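Shared chain: chain A. Partners: chain B in the first complex, chain C in the second.
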Partner chain A sequence: MGLFDRVWNAAKSMAVGHAITIREMFHRPVTVRYPEEKPPFERGSRSVPVLKVNEATGLLNCVACGLCERSCPPSCIEIVQAVDAAGKKKPWPETFELDLSHCMVCNLCIEACPFDALEMADVVELSSYQVQDLIFSKDQLTELWKTSKALRVAGGERI
Partner chain B sequence: MADDRGAFPQAPARGVRSGAAMAGHPGTGSAPEPVLDGDAPPEDVGRRLMTVNVGPQHPSTHGVLRLIVTLDGETVVRVVPDIGYLHRNFEKIVEGWAYPGIVPFSDRNDYLSAINNEIAVCLAVERLADIEIPPRASYLRVLFSELQRILSHLLFYGTFGMDLGAFSPFMYAFREREVAYTLMEKATGARMLYGYNRIGGLRNDVGDEWLRELEGFLDYVEGQAWPEYMGLLIDNEIYRARTIGVGRITQEQAIAWGASGPMLRATGIPWDLRKTAPYLCYDRLEFDVPVGKNGDTYDSAMVRMLEIKESIRIIRQVLRALPSGPVLAKVRPTVRTKPGDYYSRVESPRGEVGVFLVSDGGHKPYRLKWRAPSFCHLQMVPLMCEGWKIADMIAAVGSLDVVMGEVDR
Partner chain C sequence: MNILLAAALKVVGVLVFVMANAFMLIWLERKVSGYIQRRYGPLRVGGPAGIYQSAADILKLLAKEDFMPGGADRWLWLLAPVVSMVPAVLVYLVLPIGRTFTLQDLGVGLVFFSSVTSFTLLAIFMAGWGSNNKYSLLGAMRAGAQLFSYEVPLILSTIGVVLIAGSLRLQTIVAAQTQHGWFFFEQIVGFIVFFIASIAELNRTPFDLAEGESEIIAGYHTEYSGMRWAMFMLAEYSNLFTSSALGVALFFGGWHGPWLPGWVWFLLKTYIVVFVGMWIRWTLPRIRIDQLLDLGWKFLLPVSVANILGTALVLMVR
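What follows is the complex of A and B.
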């Protein structure tokens, strides 16, 4: 390729490139200014497993069976079952702790749960300066369920 | 030892570091010494060489890759890739995990093609556990893995342009990636690390509305975005001058170093696991395997750009042939495999992702070996870069499309 061809090609590719960028200038921007305006989450978007409250009774659906605890690959769920004064086991969790610093949001706990007690919430702004703050207690997870849009997707259904 | 280095009378003994690292360091109390590498081989002595660290925190090294580059002026004399900054001990950790948990964890290996990693694990486990996946799941897996290939190649296009100093293509690539990621989020619930595949199929089905949306996206990419990509970067004369002939590898070298995927096809070898060892329903689909000619960075980028078109073609066929039915086979909660081993391999956007699974009959793998294409490609960096200028080294490393999460595992 001679010098003339190269100069011609360079000029041509510059013209083509500028034509594309100039055309794009008249389009609406596709970006959003994040902290001020937030893009919406899609339905079923998942970021943290939360504890579902039964609408009728106001109690947790969780019966502390521990299936989610066992299905969790990085073992970030810790459940202690409630016991009464006589030492008899009760069907609700005394503590339900979720270590969000380990959680990889894989949805396996929700698929393991036979009691519809867990759902995936779509809250993402949960960052913290202290790693201890990422251990969510039972009350915090219930609060997150109440304040966010949570959904259970499992078992091959249509979304 | 120091005596046979005539050029530098003060040269330290071999193996003793001196020079830039310690010079002027508070507490040493010594004057700056001449810059010298204590480990320098004899042929370097007397040349005015300089050792530069490119990375691990450097915008042009694609993650935490550290390149220890020895320079003679602007020419690369030696380059040593240093890996391991992103090591997460994947292979050992999964020996203690039940099979369903390995699938979402494998997303983190090659985080730009998470679906392909999941498929590799699922294929191995399903083979050893004798699980037949439903036909719809097979087609949808192909659909998602091709959508993932488009996404990954778009990122390659953007970052490769940025490596060569062209910033605009990056923005254009991310414009389409945003649309595709939203599609992925609608279907899988996550934007990057999907956790979508399950042993025995997929977590959830997709609706018809989603499929129509996907078709619109494909039309947009093929009709409008792809020609823009070509005009902005690939056909540009500056880009061509920067890439043609740079970082060239021959067919023999590519095979000898275990290259796969676009790096191998750029040298002209039509080796694509979707054709040569079909998995899922690839044998029922019609597509071409784009190959290059010279094995340089231009060819490997061009192969990827053409693969975007082929992926669109595959997805269109899948959309036409998509059978109805369930997407998840009936699988027991605790998946147990029969004793034995199986090597499953899939064609990820970077090359051959292989999972060698050894089972002793339990619900956990006895051993799981992950074959990462980027790991093999990264070994070719010295081959491709030595003798070229430092700017060409950035182009060559960029054309490898390495993902450090996969290299370090």
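What follows is the complex of A and C.
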């Protein structure tokens, strides 16, 4: 390649490069100014498992079968089944605690649940300076369900 | 007494302008780089579009420890940032800011400009040698090779303009363009050589080998911190402004323009040229040292000499 071809090629490629950068400059930035504007949650993304309430009866869908507890890889779910005065087991949890400081947001509990009792909520801003604030009780998880939208529901993606 | 007062006022004015200009340009550089990369750039510190970011930077740099490396050459190390500021401030003397507004309209303004800016090399070498650091020395040697080889085409590229205008006085050169038309159109080759060489003189990307952070950390200011480092930056941004201003004075008619007052035109054109420099910085990658020297000696130098010859022939025939 001769000198003039090389100079011409250099000039042409520089012109193309500068055209690209000036064009990008007048596009809208792709970054999100996080606390002021929040990006939408993608359908099927994972955040926090929360407990669903049956709207007809007002009770939890959970029957304390313990499948989620057993499927949980970091063992962050702890369920104690309710027992009546006679010592008979009842189909609802006495306690349902989720330790978010361990939870790795794998969605396996929700896939394991056969009763449509758990779902992924669109909540992520739950950070705290105290680790015990990250252990969520049954009532707190229900509250979270009431104030959030579902991203994934039990038994796969049916939303 | 009046002369002293006027001189003091000029010095204070120039220093204030250097500070304000660096303040603006650092913010502008961040914004331009941000928008080219489809980000927002600084936003959080406050002010319109985050313009107080530079103020926060200056406060941070003032609060930093002034650390001298062990085994450093004390006086060279201490003086290098000051020496780098001297040419940056001195060149404001000859800039033709308005129709009747020049701090000191020297008859050899262009020669003064190019000879004073050569002092930057001295500061860089003082910093590189004084730091007792191999990266600093490597950066300084690269800067030496680069500034030395681009000084020549930079000066030669302006000679075409001098031939047409018939003067080295910057005000006369600008005044010649009001009748003759901007020299950019006739001296486009000269302008391209001038612009490439002035970017190289400023050590800016794509010619920022002297501070190539992926190879030699930060080159000659590796060992500087706090306000001393800030003085290098201040000098760098001041030089960016003044060399763009020289380009405007030589090729784009300086203060010449309709309706608005002269100094507004001058600043407007200068900042447009500065923006083009930033645009180039955020587009092109850094080139190698051998490519840099090849470009300087084998391409820009012959082209600028040919430009002088061509201009001289055309003037002689006419």
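Convention: the second predicted complex is superposed on the first by the 131 of 159 C-alpha atoms of A that agree within 3 Å, B and C clash if a C-alpha of one lies under 4 Å from a C-alpha of the other, contacts with A are read in each partner's own complex, and residues count from 1 in each chain.
Rule of thumb we're sticking to: contacts are C-beta pairs under 8 Å (C-beta built on N, C-alpha and C of every residue); 3 or more make two chains touch, one makes a residue touch a chain.
Note that the structure is a prediction, hence the values are computed from the model and not measured.
*Asks:* What is the contact status of A:Ile22 with respect to chain B (first) and chain C (second): first, second, both, or neither?
*Replies:* A:Ile22 contacts chain C only, not chain B.
*Asks:* Specify the partner with more touching residues on chain A, choosing between chain B and chain C.
*Replies:* Looking at chain A, the partner in contact with more of its residues is B.
*Asks:* Which partner does A:Glu94 reach: the first (chain B), the second (chain C), both, or neither?
*Replies:* A:Glu94 contacts neither chain B nor chain C.
*Asks:* Touch test for A:Cys106: chain B only (first), chain C only (second), both, or neither?
*Replies:* The answer is first: A:Cys106 touches chain B but not chain C.
*Asks:* May I ask you to decide whether A:Val30 touches chain B, chain C, both, or neither, giving the answer as first, second, both or neither?
*Replies:* In the superposition, A:Val30 contacts both chain B and chain C.
*Asks:* Touch check for A:Asp139: first (chain B), second (chain C), both, or neither?
*Replies:* neither
*Asks:* For chain A, which residues lie in the overlap of the chain B contacts and the chain C contacts?
*Replies:* Residues 17, 20-21, 24, 30 of chain A touch both chain B and chain C.
*Asks:* Which part of chain A faces chain B closely enough to touch in the complex?
*Replies:* So the residues of chain A touching chain B come out as 6, 9-10, 12-13, 16-17, 19-21, 24, 30, 41-46, 71-74, 104-108, 111-112, 120, 153-159.
*Asks:* Quick check: in the complex, which residue numbers of chain A touch chain C?
*Replies:* Going through chain A, the ones touching chain C are 7, 14, 17-18, 20-22, 24-31, 33.
*Asks:* Within their complex, state which residues of chain B touch chain A.
*Replies:* 97-98, 100-105, 108, 168, 172, 175, 178, 182, 185-187, 189-190, 193, 195, 198, 201-207, 210, 228, 231-232, 235-238, 240-241, 326-328, 333
*Asks:* Which residues of chain C touch chain A once you look at their complex with the stated criterion?
*Replies:* 32, 34-40, 43, 279-280, 282-284, 299
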